[in-house]
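Two complexes come next, and they have one chain in common, subunit A, joined by subunit B in the first and subunit C in the second.
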Partner chain A sequence: MRVKINYRYIASLAASLAVALLIGAVILMVSGFNPVEAYSALLSGAFSNARHIGDVLEYAMVLCLCGVACNIGSRVGIFNVGGEGQLLLGAIVSAQIGVVLNGLTPWVVIPVAALGAALTGGLYALLPGWLKVKHNVNEVITTIMLNNIAEFVCEFLAKGPWKNPDNNIVAGTGNLPTEYWFTRLATGSNLTTVFFVATIMTVLTWYIMQKTATGYEMRLTGDNPRFARFAGIKTDKLVIIGMLVSGMLCGLAGMFRVYGAEHIYKASISNDYYFEALTVAMIAKYQIPATAVISVIFAVLKIGAQGMETAAGVPNQIYLIIQTVVIFCMAAESGIFDGLKRRAEDKAAKAAARLREKEGAAHD
Partner chain B sequence: MIEILAQVFSAGTFTQMLRSATPVALAAMGGSMTEHAGIMNIGMDGMILMGALIGVLGSYMFGSAAAGVMAAVLFGILVGLFFALFVVKLRSDEFIIGCALNVFANGFTAYVSRSVFGFSGTSGYEIDYMQPIDIPVIGDIPFIGEILSGNTALVYITWILVLVMWAFVYRTPRGFYIRAAGEKPETLRTAGISPERMKWLASILCGMLCGLSGAYLSLGYLNGTFVEGMSASRGFIAFACVIFAAANPAKAYLAALMFGFFDAIGLRLQNYISSDLTSAIPYAITIIMMVYVVVSKERRRRSGRAAAKTSAAPPAEGAGT
Partner chain C sequence: MPNTPETVIQLSHITKEFPGVLANDDVSLEIHRGEVFALVGENGAGKSTLMNIIYGIYPPTDGEVFVRGKKMEEYSPKNAIANGIGMVHQHFMLVPSFTVAQNIVMSREPRRAGIFFDNRRAEEITRELVKEYGLAVDPSARVEDISVGVQQRVEILKALYRGADILILDEPTAVLTPQETDELFAVIRRIISEKHMTVILITHKLGEVMAISDRVGIMRHGRLVSLAETKNITEREIASEMVGRPVLFDELERTGTPGDVMISVEDLHVRDNRGLTAVNGVSLEARSGEVVGIAAIEGNGQSELLEAITGMRECVSGSVRIHGTEAVGMTPGQIRALGLAHVPDDRLATGVDAVADVADNLITGRQHSKEFKGFAGHLRRSTIERWASEVYQRFDIRGAGLHGAVGSMSGGNMQKVVVAREFSYDTPALVISNPSRGIDIGATEFIHEAIMEKRNNGCAILLSSADLDEIFRLSDRIITMYEGEITGHFKAGEITKEEIGYYMTGSRRKEADKVDAS
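Showing the complex of A and B:
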């Protein structure tokens, strides 16, 4: 299987984006905004200066990491919808590690925090993975429920045992000491050097999935588990490992948010970011290069929409609407194509029948 | 300790159980329809959320809670049609469409609510909501009356709907066709009935019931307020109830009651434990419920196989002697 992304895919993606922006424009007009103004505010909100571009790249990084995490799971045939919880837990654990180990050199603290975040996320993903393999419990429901549980547990920790000593912060862990912050790449933006780490992780995952025997076995497990089992692949083990790695990536994404952007754990670490990443991965048809590209497109939409909110007063949720229209279009793409093809075939068959009739008449 | 137990098992807990169970039960009944028709519908959460917003919006515009409920149900039909258009007609992946529907509902409801009510939500607006109904005679019975009487109309309507939906699925031809559309679509087609049409019907019913569930949530449960993301994964809990009940509407209601019970206990325990931890209880229970269903099914299958083996063994021995 070579890379699936071809011209038809790119054309449908572009068409879907165009349709989505058009529908967005209609919604904007209905609610009394000028779509041209709003969209130009969106573009300037995403690209007007280095800070905005940095924010776009940072958000694209989070989407891409989570999207890759989702890709790994779906590649082995398990759907990790619980990335949100894994991300939050990874974030809070890494933040607390930074607070507790305050005073040690960053060369110790950052690896320990990364390990802690990855382990927390991975172990949290392990439970639904194990239940799926062992007892065939629907992983979609378990992971979603675990999301909610993680959210409440983090809220509890941030308000109770791990609470920030500053009383102005209702729910948040202690502030991360400045020496542990990742270095910023653009002043005022959230983009930090960790962007390069995330890029390397993404490329590495792509390489493993696409070019190694393990990646091939994983793909086989997802596509045809029975065949994979008969071929001697330990499918159960691969599914569990897939889930573990998927959770680890989500946990790390949480750590990157804390050490790169927020420097504290609070609820705004993630606002259902994983669910957006899930849709990114779906549109990308679980291909990593496409996931990266679409992450950037969606990040432009999101950060631009925030600029649009401040500039034109449009609620920034419009980007979620535009984004989901893209998803609906992409999901319907094959159905629409097949329908068109069938209609064309019908037409051709009818024309041929008519021709035959005519010929028959001529013969008579 | 006894004090805590007394508070936990008071009539108030059971009233709360009914209140918490109703939205989940309504959605679970809708989910039973799509489940029978062979559609894995994980978009119910979004359907509930949109129903909640449209309910509040309808009540705000027409000045009556009943109009709000009607609006939510009508909008639910639209959502069901939209869902079926993609899943049935365009044959898209139902999982992707469900997920997308949830994200879309998040964006759509937040956008509309902010455009109409402003950025601080519905708090400053006067919105007509469902009033509790007191049942004359039953309301006077000490413990049970307290629980059964004084609920909003939708709680009682849900009871009727449970019976109606159960009868519809198991006692009418249409219900039979819907079940056949999921189990043996080709057989149904041979019988001259289009399985696609039954899937459309199931999606529309699911949209209506989820709209009703949302309307109850905003107009009954929260007295006419809309909060962003207020469905709080109830659609997924409803989906768990559907699986738990094998898509039987009556059993789904019982499963929803169980969820409601633990939700109510969680709310009661808030005086003793952090509310964040008690809020997690229903979700944890849902996971345990799922595991229990699957494991018990597994065990039944295994014991069934063992029984088949032992009953097959004696004749073989008899043949030997």
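Showing the complex of A and C:
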């Protein structure tokens, strides 16, 4: 179901975040830490210097791109769970393109790598999309399975045919020549100029989905495919294109990780980013602006947590628990908000009832 | 009948508020033992809400319900059933794969040794009920295999088994043939005269109010605006009270003569969702400037036929030509491009995007028109709004406003959105299915006039409806269908509503009049 992003949603999200941080504070206190100290360590871990802020933004960028990819799928009524595989394949193909084309000007290599990443991710998503449209095969199952295949294919390539000549690297492609690296925006951080490209891509996707006739048709298809077909919309085509574009974005996210942050393909290129992005997209009700904002919140929690560990000494496990509580509460935002609201209403109703009784007694 | 009637249900100042809607506004009403009380009103007038309160689905915001003088303390269906109230909903609450007997005893099953379901006893109970109330059903038949009319009897028996002596029937005749309706009314009369039960009937159909009820209550905008003995009020007076203004329902004006064949179907075979033959060799045609009505009881292939014509369903064999072009195998979009618009059977599932707003639903199909498309492919919202608000007013749509979700509208207004969109394409041919299902008199009148205007302007219209009054009012020619086959062709005025029932149930057949059909 489509939900409008409105003040109510924002209020309920804020309420759920507050509840989560409160629970987190209790956990911290029970385990013997000062919650104020720990939370301020989290904030300074995320914002204290340009490097941290840069890392937050890079993390948010990847989440946001993957979240947007998921939004495109959901807009046409298809749930792409295979973004992780599409991202990995996009990453390894673009990395290898950089290695193979070494020596050519970046003006050729980077576009070719981007194209390669987008095509690989896109085609890999096209398969489940096509199966869904032509044979009504459940895309959730196929995309999950394709994730595993992609993961092992990449591992095979990184250990075998495309292996890094340096024997210290067990599983990884060759190092990306420095002239192909995206320019860093803050020293020591992962944030690079590609952030602007990702921003443009996000805004463009939002524009197409929100403002154009094509976006309108996608929306109808996702809301009620029978009606869309009835009204003469080519729903099959839209589902396939939606899946293709969704996969392309994931593939590009993989390339951005290689050319921006890691400069090599290795398994840690993605830390289940796509699955985290799925959560983001769902909490954002599949709306792009909200996806961007929540990506940043998630990134702050992720990057800030490292600060919490080093500055406040909170062990890994504790902040992982807190993080999970936050995600849990945000996912349950409507429930939490409704619960709080109902309690307030009950109180008001009881007060009103007491008032009526008093008045009734006065009349008697 | 005693001079001072015994009150079985008393509603005292019932008010029910839903967020933003006052569904019932200070309704006070007494229902007497042994009467048939008809509750009429347009959609959204609050009659279902009122009955749901009596049946305990939800409590009133204010006011009280007394059943046999006892104040209702807890509002739940369980409590209502314990108080002898039974309700038969418009959409039956039966388990299709269970037998009649199993459905009837459900929730109070006879058991063997305390844990095992006693099927033999269940069937005995059913037979006893059948004998006692004279409602014939086969206890061991599966519900999915019996007709809608019989399913309704099962619902009534279920309520009776639970000890109901006050029966609430919500739109009971919406799915019945004239013959089945007569049977239902006979049953109602019998349980009232023999068992001194009480029946509350929610309905739109005023003819039935006059035929069966003792008193009638008319609701409008949540209020009970009128309460009368049926013998002291006329059909026309009831209609006017319901709508709040005089309703004429005059003969619709017909002009022009039929022209070219626009829709032509030849020997069409279509399967239903289960893969069974639903349409079996149907041939028909509709010319511009005429309304061809298909009269059939629900589930006799008429829905599948219309879906096949409009491309929503695959054809097994046969031919469909729209203005001379073969349309079999085309997508709905391609068929639309040939000049066929379609008001579908199920507006919520097929006719609208319920979560999108009214404006978006009105412009569907025009999203690529030059008028609406601006720089970089963006949709020109202000132009769309201007166009949509003009259509909104022309079709007298009310409720959500241009930016409200269609899903939040009443059935009548939702239907107007569908009709407004489909009619605004100005196509030379139209396929319309159940245009007034579940919608109120005012909206029905409006839609009928719009259909007739289309016809008079030279549109070819193929109309299917479960409502015979509608078929008779609008059609120039009538075709009856039974079990996927055409059982009769008639010109308007050639046949009566009673007689046509025999063709709709397959007990009579009439070959196509060759002069007429060619």
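Methods note: the second predicted complex is superposed on the first by the 302 of 364 C-alpha atoms of A that agree within 3 Å, B and C clash if a C-alpha of one lies under 4 Å from a C-alpha of the other, contacts with A are read in each partner's own complex, and residues count from 1 in each chain.
By definition in this document, a residue touches a chain if its C-beta (ideal position, glycine included) is under 8 Å from a C-beta of that chain, and two chains touch if they have at least 3 such contacts.
Everything numeric in this text was worked out from a predicted model, so none of it was measured.
Touch criterion met: A:P315 reaches subunit B, while subunit C stays clear of it.
By the touch criterion stated above, A:T105 is placed in contact with neither subunit B nor subunit C. Judged by the touch definition given at the top, the superposed model places A:N49 against neither subunit B nor subunit C.
Once the two structures are superposed, subunit B and subunit C can be ranked by residues of subunit A touched, with B on top.
When the two complexes are overlaid on their common chain A, residue A:S268 makes contact with neither subunit B nor subunit C. Within subunit A, no residue touches subunit B in one complex and subunit C in the other.
Of all residues in subunit A, only 27, 31, 79, 81, 131, 135-138, 140-142, 144-149, 152-153, 155-156, 159-160, 272, 275-276, 278-279, 282, 315, 317-321, 323-325, 327-328, 331-332, 334-336, 338-339 touch subunit B in the complex they form. On the subunit C side of its complex with subunit A, the touching residues are 310, 312, 331-334, 336-337, 342, 344, 349-356, 360, 364-365, 367-368, 372-373, 376-379. Interface residues of subunit A, counted against subunit C in their complex, comprise 1-2, 207-208, 211-214, 216-217, 219-220, 223-224, 226-234.
On the side of subunit B, the complex with subunit A involves touching residues 42, 86, 89-93, 95-97, 99-104, 106-108, 110-111, 114-115, 119, 232-233, 236-237, 239-240, 243, 274, 276-277, 279-280, 283-284, 286-287, 290-291, 294-295, 298.
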